[in-house]
Amino acid sequence: MTTATVERPETKQPPEAEAKAPQPIEHISIICSKGTLDMAYPGLILANAARMSGIDATLFFTFWGLDIITDKKLDKLHVATVGNPSMHIPTMVGGLPGMESMATSMMKKEMEKLDIPPVREMLEILHDAGAKIYACRMAMDMFKLEESELIPQVNGVLSAMDFYDKSAGAQLLFI
Amino acid sequence: MTTATVERPETKQPPEAEAKAPQPIEHISIICSKGTLDMAYPGLILANAARMSGIDATLFFTFWGLDIITDKKLDKLHVATVGNPSMHIPTMVGGLPGMESMATSMMKKEMEKLDIPPVREMLEILHDAGAKIYACRMAMDMFKLEESELIPQVNGVLSAMDFYDKSAGAQLLFI
Amino acid sequence: MTTATVERPETKQPPEAEAKAPQPIEHISIICSKGTLDMAYPGLILANAARMSGIDATLFFTFWGLDIITDKKLDKLHVATVGNPSMHIPTMVGGLPGMESMATSMMKKEMEKLDIPPVREMLEILHDAGAKIYACRMAMDMFKLEESELIPQVNGVLSAMDFYDKSAGAQLLFI
C-alpha cells in the first residue's frame, strides 16, 4: 500500500569489479557547523587522517563551529549531555549542573589516553601539515566576530561561494 | 600501545600541483534532516551560494527536515537551546519556558540585519533560481504528511533511490 | 555594508544541458556518528536504497554511532526529545521521565507500519546485500569496546586512513 517499503535487495548483486579502478580521494573539504567537543573532534581527526594519507584537507568553520577556531572559546568546548541519548544519562540528571563538565572532563581524559591532542594543538598540527582552515564570512557577521578573535592558523574568511571554489576536486562533508 | 595515535603528519608534503586542474563542483545535492532554525539555514544558504556560482542545487528534505517545507511549520522553526552547549546557556536555564523563543527571536533578528531572508522567502528564491526541492516519500509517510501540506515550490516527492538518480554528478551533503 | 548579503541569483541561468551526461553515483560511503534512533535510520535507509539501486555502500560507525552496531545497545536506541525542537514537545515536558521512551516507542511503531525493519534486521539486510560495515578503531579505543561486543555483520575495524582507502570512488556523507 505504501511506496516506502524497504525491500530486501539480496537479488541484486554488488556491481562487478570495474575495468578501471575507482578514483582515490584526493581532497576532503569539511564544513564544521557544531561547537560541541564531541562534534569538533570528528572533523579535526578526519582532516588529520587525510593529510597523513597525502589527501588535501580544507576545513570551513561556520555557525556554532566557529567556536572551534575562536581563541577564547576553543579550550572550553563541552560535550552535550542533554538531548544526547547516546550518553546514557537520564535527561533529568543530564540537566543537573555539573554533569556536562563531568562528561567533558571524561572525554578529554580518554582522548589524552589515546594520544589525541587537545583541540588547539590539533589545529596547529593541521595547519603545519598544510590543511587549509577557513572561517565563514556570514557566520562571522552573525556572531559579530572579528578576524583578530580567531586563532592565527586561520587561512582566511570566505563566503560560501569562495568555499565552493576552494573545494574543487574535493569530497564534501557537513559535520 | 594503541593504534589510534594521531601522528604529526608534517613529514608528508601536500600533493604537488597536479598537471590537470581539479574538477570544479558542478552540482550540490543536500539532504536536510533537521528541523531547527539553526540547521535549516546552512542547507538553504549553501544551496543559494551554489546557484549564485552557477552550480546546480538539489535539496532533499527528510525526517525532521520536512518541517522546513511544511507550510504550517516553516515560519515557526526554533533554535535549540538545550543540548547545544554552543549556545552558552546553562542547561537548567536553557530548559526554562521562553528561552528557546528568545534565542530564536535573536537569531532571526541577526539574520535580518545581514539581509538574509526568512526561511519561506529563501525557499522561493531558491525555487526561482532553479534549485530543485524534493520531499522524502518515506518520511512523508512516517509523519502522515500530504503533498498538499507542503509549500508549492516543492518539485516532487521522491524515494531515496530516486534521490540518487537526481544526484548524478553531484557532491552530496547530509545536514 | 555587509558582505554576507544573499543576492537573488535569478539572473544566472541553470547550467545548460552538458554535452556529456553527469556521472551516476557508483558508491556511497556513510560516516555514522550519532547514536539516536532518528539519526541511525537515515544512514541505514540511504545505504539500503543504494544497494537496491546497484550502488556500492560502505558504512563507517564512529563516536556515538558505535551504539548502532554494539550488540547490547542497538535494540535500545532512543529518540532525543530534549534539544530537538522538531519534536514539538516543550523542553520542560521533554525532560520528564518517560517522554523519551514514549517518542521512541511511537517512532518504532510508525517505522513498523511502513514495513521498515528494526535496526538489527536492517543491518542484517545490508550485510546480506553486500554493504560493507566498519567500526572506527579510535572510537572503539575511546569507548573501550572489544570487537566481540559488535554484531557479527561488522566487516572490520578501520582507522580513518583505511576508511579513505575503502571510499575510493565514493560520495561521502557524514551523519
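By letter and in written order, the chains are A, B and C; residue numbering begins at 1 in each of them.
Just so we're on the same page, a contact is a pair of C-beta atoms (placed from the backbone, for glycine too) under 8 Å apart; a residue touches a chain by one contact, two chains touch by 3 or more.
Quick caveat, the model's predicted, so the values are computed rather than measured.
Undergrad: Same or different: at the chain A/chain B interface, is the fraction of residue numbers used by both copies above or below half?
TA: Since fewer than half of the residue numbers are used by both chains, the interface counts as different.
Undergrad: If you fit chain B onto chain C using only Cα atoms, how far does it have to rotate, to the nearest 5°?
TA: Rotation angle, to the nearest 5: 120 degrees.
Undergrad: Starting from the mean Cα coordinates of chain A and chain B, work out the distance between those two points in Å.
TA: 16
Undergrad: Could you pull out the residues of chain A that touch at least 2 other chains?
TA: 2, 4, 45, 48, 52, 55, 80, 82-84, 95, 114, 116, 138, 141-142, 159, 171-174
Undergrad: Quick check: in the complex, which residue numbers of chain C touch chain B?
TA: Interface residues on chain C, with respect to chain B: 2, 4-10, 12-15, 21-25, 28, 38-39, 41-42, 45-46, 48-50, 52-53, 55, 80, 82-87, 90-92, 95, 107, 110-111, 114, 116, 137-138, 141-142, 159, 171-175.
Undergrad: Using the touch rule from the top, collect the residues of chain B that touch chain C in their complex.
TA: For chain B paired with chain C, touching residues are 2-4, 26-27, 31, 33-36, 45, 48, 51-52, 54-56, 62-64, 67, 77-84, 94-97, 99-100, 113-117, 122, 125, 128-130, 138, 141-143, 159-161, 163-165, 167-174.
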